[in-house]
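There's a structure below that I have some questions on.
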Amino acid sequence: MSHIKRVHRKKVNRNVGDRPGVFVISADALKPVIHVYSYNEKEVVIDKGHDIKIVLAQLKKCKDHTHWIQIQGLGDANLINDIGEHLNINPLVLEDIVNTHQRPKFDEYDDYVFSVSRQLFISDGGELHNKQFSALVKSNLIISFEETYIKTFDVVKTRLQAGKGVIRAAGPGYLCYALSDVIIDNYFVLLAKIGDDLDDLEDRLYKHADKTIMYDAQQLKRSLIALRRVTWPERDKLNDILRTDNPYVTAEVKMYLRDAYDHCIQVMDMIENYKEISNSVIDLYLSMVSNRMNEIMKVLTIISAIFIPLTFVAGIYGMNFAKVDPVSNKAMPDNMPELYSPHGYYWALAGMSVIALIQVVIFWKKGWFTKL
Amino acid sequence: MSHIKRVHRKKVNRNVGDRPGVFVISADALKPVIHVYSYNEKEVVIDKGHDIKIVLAQLKKCKDHTHWIQIQGLGDANLINDIGEHLNINPLVLEDIVNTHQRPKFDEYDDYVFSVSRQLFISDGGELHNKQFSALVKSNLIISFEETYIKTFDVVKTRLQAGKGVIRAAGPGYLCYALSDVIIDNYFVLLAKIGDDLDDLEDRLYKHADKTIMYDAQQLKRSLIALRRVTWPERDKLNDILRTDNPYVTAEVKMYLRDAYDHCIQVMDMIENYKEISNSVIDLYLSMVSNRMNEIMKVLTIISAIFIPLTFVAGIYGMNFAKVDPVSNKAMPDNMPELYSPHGYYWALAGMSVIALIQVVIFWKKGWFTKL
Amino acid sequence: MSHIKRVHRKKVNRNVGDRPGVFVISADALKPVIHVYSYNEKEVVIDKGHDIKIVLAQLKKCKDHTHWIQIQGLGDANLINDIGEHLNINPLVLEDIVNTHQRPKFDEYDDYVFSVSRQLFISDGGELHNKQFSALVKSNLIISFEETYIKTFDVVKTRLQAGKGVIRAAGPGYLCYALSDVIIDNYFVLLAKIGDDLDDLEDRLYKHADKTIMYDAQQLKRSLIALRRVTWPERDKLNDILRTDNPYVTAEVKMYLRDAYDHCIQVMDMIENYKEISNSVIDLYLSMVSNRMNEIMKVLTIISAIFIPLTFVAGIYGMNFAKVDPVSNKAMPDNMPELYSPHGYYWALAGMSVIALIQVVIFWKKGWFTKL
Amino acid sequence: MSHIKRVHRKKVNRNVGDRPGVFVISADALKPVIHVYSYNEKEVVIDKGHDIKIVLAQLKKCKDHTHWIQIQGLGDANLINDIGEHLNINPLVLEDIVNTHQRPKFDEYDDYVFSVSRQLFISDGGELHNKQFSALVKSNLIISFEETYIKTFDVVKTRLQAGKGVIRAAGPGYLCYALSDVIIDNYFVLLAKIGDDLDDLEDRLYKHADKTIMYDAQQLKRSLIALRRVTWPERDKLNDILRTDNPYVTAEVKMYLRDAYDHCIQVMDMIENYKEISNSVIDLYLSMVSNRMNEIMKVLTIISAIFIPLTFVAGIYGMNFAKVDPVSNKAMPDNMPELYSPHGYYWALAGMSVIALIQVVIFWKKGWFTKL
Amino acid sequence: MSHIKRVHRKKVNRNVGDRPGVFVISADALKPVIHVYSYNEKEVVIDKGHDIKIVLAQLKKCKDHTHWIQIQGLGDANLINDIGEHLNINPLVLEDIVNTHQRPKFDEYDDYVFSVSRQLFISDGGELHNKQFSALVKSNLIISFEETYIKTFDVVKTRLQAGKGVIRAAGPGYLCYALSDVIIDNYFVLLAKIGDDLDDLEDRLYKHADKTIMYDAQQLKRSLIALRRVTWPERDKLNDILRTDNPYVTAEVKMYLRDAYDHCIQVMDMIENYKEISNSVIDLYLSMVSNRMNEIMKVLTIISAIFIPLTFVAGIYGMNFAKVDPVSNKAMPDNMPELYSPHGYYWALAGMSVIALIQVVIFWKKGWFTKL
C-alpha cells in the first residue's frame, strides 16, 4: 500500500548543561560524503572531496569560481570543526549544523550567513522523514549540510551543468535560493501524495468504510501537521531574508525569493485545506459509526419487539395448567379452555399474526424501515 | 437535484527543481481563444484575434484607444512567450499566468501591474470549480487570462458597448476593476446558491432527516471553505491595491475598489455566518441520531422488560414437574400444585397482568413514554 | 411561547456586473414615509413631507435650524435619486442606502458623512430581524433611512420635543449619535430577551429536558451570532468615528460616542458570556442524553440478565425427555429425574431464586442501582 | 456542601433612548452608608458621614489630610447628584457609578480620574456575585463606591490605622491602588476555592462518578469564565494606568501597580489552567459514561449470547411433536427420537454445556472479560 | 511504571490585603542551605555559607572575583530580609523571591537585575513539580534562589571548576544565562520523557487498549500544558532580555541568549506537536470505544436476531393445543396437525434452519461479519 505510514519522531540528543557551542555527534549519524562543484559562467568543475582541509585551502585560491561544497552525512566531528576553524565560524552555528532539530532560520554574521531548512520526504518504507538542510554562504562559497545521502539536489546539479538560466552567473546566494526552492518544491510533491491519500480515503469512506479510516485520517493529519510545522518557520525565514540588506541577498535573488515565498504561502494554504478535508472525513466516519449503530439497534429492536411478545403468547399456551387432575381425575374446565377449542390453534396463530402486523405497521410508520 | 456536489480538486503540476520562470503547459489546458476590444469614449471596435504577435503590433500603433485582449484558454506556450517578449514581461509573471494555482495577489512592476483573482462557479454537473483569472495592465492595454471559455464577462462587454457610465473613459485600471467586481459579484451568486442549499438542508433536517444530511452539510462546509480560501487573499489584494501609489490605480478607481473591498468583507461575513449554520445543522443532526437511538432503545427496553419476566412466568408453568410418577404412579402433590388448581390459569394470567401493569406504571413515571 | 424563533435570512439582491452606483429597488421594499423635524434651541417644527424635492429646497433656506429628515421605507428609486442630485451625493453611497446589506461603517466625503448601523429587533411573530439604518449628515441636515416603519426613535423625538439636555443645541452630529445610541440600547433589550430565554432553557434542562432544548439552544446561539456580527463592526465604526477629525464630530459628540463605545463592548462581553452558557446547556443536554441511554440500557440489561437465565432453567424443565417410552413403555429413569422427585418443583424455584439473588447482588455491587 | 452554586446573573436596567448621563436607581439598590477616613502621616480621623454635602464642604477646608469617603450602597440618586455637583463630575461618570455593569476601566478627566473594578465573591448561599467597585480620585480625595456592605476593605482600614508602610503618606492614588490590590487578592481567594472544588471533583470522578460531576464541572467553568471576564479588562485597565502621565499616578504608585499587574497575569494564567483541568474532567467523565455503557452492553451481550441459544435448544426439546398419534395411536418414530433415548437428557445437557463453553472461550479470547 | 503521575498543584499562600512587599514564609518551605562560589579566570573558591550577613560582608571586599551565592530552600525570612538590607533590594523583589508563583520575568532596577524562571522536574514518585528559580545579579555578584535541594546545577559547577569555555571570565550575567540554559535543557529532558510516554501510549492503543489510556493521555496533556505555561513566559522573558540595554547583559551574553531563545521556541514547537499527538490518541481511543460498542452490539444483534425467531417457532410447537379433549375425548384434528405428522419434527427443524440461513445471508450481505 502506498500510504504514508508514520511520522518518524527523532529524539533530541542534548546533554543537559553542555557548554553552548559544544556538540555531540549522534551515534546514528552517517559518514560524511563530500562533493565540490566549482563553477563560473564558462565552466563547471566537479570533484569528490576527501579531506575538507585540503578542499578549503584549494578553493581559497580559486577566486573566479563560485564553489558549492555539498556535505551529505554529519557523522564526523572533525570535519565540522575543521570548517569552523578554516572559515572562522561561530561555535553556536557549528552546534546548529550538527544538532539537527533546528527550525528553519536565517542568521547573519559578519562575513557569512547561515540558513536552515527542513527536508521532508517519504522513505521507501512509507515513513515521513524530517531532515535538516543547512547552508553556510560566504563571498564565493556555499557549503551545504544534509543528514542523508538522498539525491534531492540532482536537478540543481543538472541545471548547473547545463548552464541554462542565471544559475552559473548569479553567485552563492542564488545557489542557496535554488536549493531551498527544490526543498519547497518537494513540499508540493508531499502534498500531492497526501492529496492522493485523502482521495483514496474518501473513496474508501463512501465504498467500504472500516475502522482503518480513522487511523489513516489521523496519520494524514499528523503528516500535515509535520508539514505545517516546517512551512510556517520557512515562510518566516524567507520573510527575514527578503527584509535583510545583506550583500549576499541581491535584488535579483530577492525577486526569486519572493516567488518562493508565494509558493510557501500556497503550501500553507493547501495544508489548511487538506486539514479541513481530513477533519471532515473523520466527522463523516464517526457519524457513519453512529448510524451503523442505529441500524444495528433497529434490526435488534424490530426483531425483538416482534418476536418477544409472540414468544410470550406461545409460552402462555405452552403452560401445563391441567384440565383434568391426574390423581383425582377431577375436570377443571376453567384451566386454559382455549387449548381445548376445536380451532384454538388457528385462532392463536391468527392472534399472533395480528400482533406482528400491528408492530410492523407501527415501525413502518415510525420510518424505521427507511430513514436516518 | 441542485446541490453543489463536490469541490473540484486540482493537482499542482510542478516539476521539482524547475528553473524559476519556466512553465509547463498542463495537458488538459484549453486552446486559447482571443477577443480584442479597442475602445475610447467614441467607439468600441471588437475583433477576434488569431495571432497574438500581429494583434500586439497593431495595438501599439493605436494609442488613442484602450485595448482589452481577452484570452480564454491557456494551452499554448508560444502565445504566453510571445506576450512576454513583446511586452517585456518578467518570466516569473508568465509562470504565474500558466501555473493556475496562484492566490489572489497584486504585483507591481516597472511599467505594468499584474493581478490574480479566482473565479468560483458551479459547472453544469454541480461541481464547484475554482479557476484562475489574471490580468496584465499596461499604459493603454489590459490582457486578461482565463482558464475556461465561460462567459462571465459578457455583462462587462454589454456595458462597454452601451457606453454608459465611466467604463469607456476610465482606462485599463478601471476595466480591470470592473472585471474583478464581476468576479466578486459571482461570489454572491455562489453564496446565494449555498444559502438555498442550507435552507433546503434545514428543511430536510426538520422533516425527514436521513444520513445524507451529514454528507451534504460537509459538502457545503467545503464549498464555504473554498470560498473563504479565495475571499481572504482577495481582500488582502484589494487592500494592497488601495494602498499603492501606482499610476494605473487612479483615485477614481480606488473609490470603486473601496466599494469592492466592502463587498469582499460582506462575502466573508456571510461565509462565517453560513459556516456557523452548517455547524449547527451538523450538531442538530448528530443530536437527532442520538435521540433516535434513545427512542429505539426505549422501545426495545420497554418491550423486553415487560415481556421477558412474563415469558419467564409462562416458562415456569410450562415446566413438566410431574404430579404423578408415570412409572410408579406415585402421586407427588408438592410438584406444581398451581397447575391443578381449578382457577390456576386465571390466577396466572391475573398475576402476569399485574406484573405488566406495574412495569408500565414505572416506565410511565420515568417519563419514557413521552420525554427526551 | 415567547422564544425567538428564527433568524430571518435576507437574500442579497444584486445583479452580477451591474455598474457600481446603480441600484435595484427590491420588490418587497416599503413605500417611503417622510417626517421632517426642524429644530433649534427655541423651537421644534414637525412636518410630514410628501415631495422630497420641495422639502430639500425649503430646508436649504432655513439655515438657523437643524433638520432631521426621517425616511422610513426605501421602495422609491426617485426619492433616493432626488436626494443624490440635490445634495450631490456619490452614487456609491446611494447604492449603499438601498442595498440594505451593508455592515456598520462610517464614510467621510467632502461635505457630508455617511454612517450605517444595523437595527436588530424581534417581530411579533418571534422572528429576529436585522434591518439597515443609514444616515447622511451635512452642515445643518441629517437624513436617516430605515427599511421599516417601526417606531424605534420615538424616544428621541420625545427628547427633541421636551428640549431637555443638549439635543436641541448640539447639531446633526449629536442627533446621529442619539439615534445610534438608541440602536445600541436596543441591543441590550435583545440581550435581555435572550438572557430570559436562556434562563428558561436552563430551567427546562433541569426540570423536563426534551429534545426541543437542542433546537432552542441552537436558535439562541444563532441569535447571539447575528448580534455579534452586528456589534463587532459597530464597535469598529465607533472607533473610526472617535479617531476622525471630521468637523461634524465635535469633541462633545466624541465624549458621548466614547460612552456608546463602552456600551458596545459591554454588549460584546455579554454575547460571549451567553454563548458560553448556551454551549454549556448543549453540553449538559448531550451528556443527559448519554446518561439517559445508560439508564435505559441498565434497565434492559438488569431485567434481561436476571430473567434470561431463569427462563432457560424453566425451559430445561419444560423439555419433554420421556421417562417412559409411549410406544414400548420402556422406563428411562435417567431422563429428567428432577421432574419426578417429590420436591423437584420447590428445589427448582429455590435454585432460580438463588441465581436471581446472586445477580442482584452483583449488579448492586457494581453500583448499577444507584450511580452514574 | 461548599461548592459554588450558580453565577448570579444581573439584568441590565437601562431604559432605551435615555439621555446619556441620566441614570435610574435600580429598585433593589441598597441605602448608602458613608464612612470618612481623613489621614495624614500623623493621624487618622474616622467619621461616619450622614449628609454628603456637609462632608464634602468640611473636607475641602482640611487640605493637609487625604480623605477617603467610602460609600456602600448606591440606592440614593441625590447622593450621587450632590457629589456630581460639588466636585463638578461629568454626568456620564455618575451614570457609570450607578449602572453597575461597567467593565473595569480607567478614565482621566481634567482634575480627577475615575476607575472601575469588579468585586467577585461568594455569598453565604454559595452564589458567585460580581459587584462593581468604582472610585473617584481628586487632589487629596478619594471617593469609593460599592454596591454592597461587605467588609472587603477592613484590611486596608487596619493598615491605615496601624500606619505601617507608605499607605498614610502616599496620597489618594496609592489608596486607590491599595483597594484595587485587595480586590485582586480576592480573586486569588476565589481561585483557591475553585481549585479546591476542582480537586474535590477529580476525587469524585475517580471514586464514585455520577452525573452531578457534569453539572458541577460546567458550574466551575462558568465561575472561571466570570472570573476571566473580569480579569482581562482589569489587566487592560492596569496597563492603561501604567502608561498614563496623570499626576495622581506617581512613579511610586506605578511600581506597586506593576506588581498588581503581575498578580493579574498570574490570575489569568491560573484561570486558563483550571479551565483546561475542568475540560479534562468533563472529557474523562464523558469517556467514563461511554465505557460504562460498553460494560453494560457487554454484560447484556454475554448473558444473552450464552443463554438465548441454550434456551432455543431447550425450546426444541419442549416441542410436542408426538411419537404416538393420540387418536389413531399410530407410532411416529421419526418425531423427536432424542426424547425417547435412555440418556437423551444427559446428552442434551452436555450439548448445551459445550455450546456455552465455546461462547465463553470466544468472549474470553475477544478479551470481553477484561479489557476496554 | 514510569509514567508521569500527576501535576503537583500548589496553593497560593497570600493573605488578602497584605502590604505589598510583605511576605509570608509558607509552612512547608525548606531550611536554606547556602553555597558560595567565588571565581575568576585563575581560581574557584568554594565555601559553604552559614550566616548570610558575614558572607555578603566578606564578598564586598573581594572585588576581583565573581561570586555566586546559591541558596536552596527559602524557609528563613531573616535570610531574605538580610539580603534585602545589605544589597538594598526592593521589598517587592523580596516578596517575589518568597512567593514562589511568579511567572518567568526579567525586571531591571537601578543597580541590579532580577530574573525568574520555572524549574520543571519529575520527582521520584512520578509527580511533576514546578518550582521557582530566581536570581539577583549585581556588579560582580549573583544570588540564586531555589525552592528545593535538587542538584540541577551540578553540571554548571563542574564546568566552573573545569574552567573550560568562557564561564570563568564572563561575569555574573553569563553565569545567570548558564543557569537558565540548564533549566531550559531540562525542559528537553522532560519533553523526551513525555515523548516516551506518548510512544508507550500509542503502543498500548494499538495492542491492548483499555480505559487507562484516556486517563494517561489526559495526564500527559496536563504535563504539556504545565510545560507550555512555563515556556511561553520564559520566551517572552528572554526576548525582554535580548532587547534590554542593561550593562549586565553584554553582547556576548546576548549571543548565547539568542541560542537559548531558539531552544525555547523548539520546546514550544515540540509541545504543540505532542499536544496534537495526545489529542489524536484520545480521538482514536474514543473511536475505538465506539467501534467496540458496535462490535458488541453486532454480536448481540446477530445472536438475538437468529435465535429469537427460532425460539418462537419452538415455542409454537411447544403449545399444548389438544388434539383430543381429555374430558370428552373429542378429537380436534385442526389443533396443531403438524405435531402429528410423521415427519413433522424434521420439517420443523428444516424450517428453522432455513430461517437461520436466510438471516445469516442477510447479515453477511450487510457486511456485519467483516467491516466497520
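The first chain written gets the first letter, and so on, giving A, B, C, D and E; residue counts start at 1 in each chain.
Following the convention adopted for this analysis, contacts are C-beta pairs under 8 Å (C-beta built on N, C-alpha and C of every residue); 3 or more make two chains touch, one makes a residue touch a chain.
By chain, UniProt protein names: A, B, C, D, E = Magnesium transport protein CorA.
Since the structure is predicted, the reported quantities are computational estimates derived from the model, not experimental observations.
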| item | value |
| --- | --- |
| Shared chain contacts [chain A and chain D, defined touch] | E |
| Fitted rotation between chain D and its twin chain E in degrees, CA, nearest 5 | 70 |
| Cα-centroid distance, chain A relative to chain B, in whole angstrom | 25 |
| Separation of chain B from chain E, taking each centre as the mean of its C-alpha atoms, in whole Å | 40 |
| Per-residue multi-chain contacts in chain A, two or more chains | 288, 290, 293, 297, 300, 304, 308, 311, 315, 318-320, 336 |
| Ring walk, chain A to chain E and onward | A, E, D, C, B |
| Chain B residues touching chain C - in the complex, by the definition given at the top | 153, 155-156, 158-159, 164-165, 167, 178, 181-182, 185-186, 188-189, 191-192, 195, 199, 255-256, 259, 262, 265-266, 269, 272-273, 276-277, 280, 283-284, 287-288, 290-291, 293-294, 297-298, 300-301, 304-305, 308-309, 311-312, 315-316, 318-322, 325-327, 332, 334-336, 367-368, 370-372 |
| Of chain E, residues touching chain D in the complex | 9, 11-12, 14-22, 90, 92, 95-96, 101-103, 105, 208-211, 214-215, 218, 221-222, 225-226, 229, 282, 285-286, 288-290, 292-293, 296-297, 299-300, 303-304, 307-308, 310-311, 314-315, 317-320, 323-324, 331, 333, 336, 338-346, 348-349 |
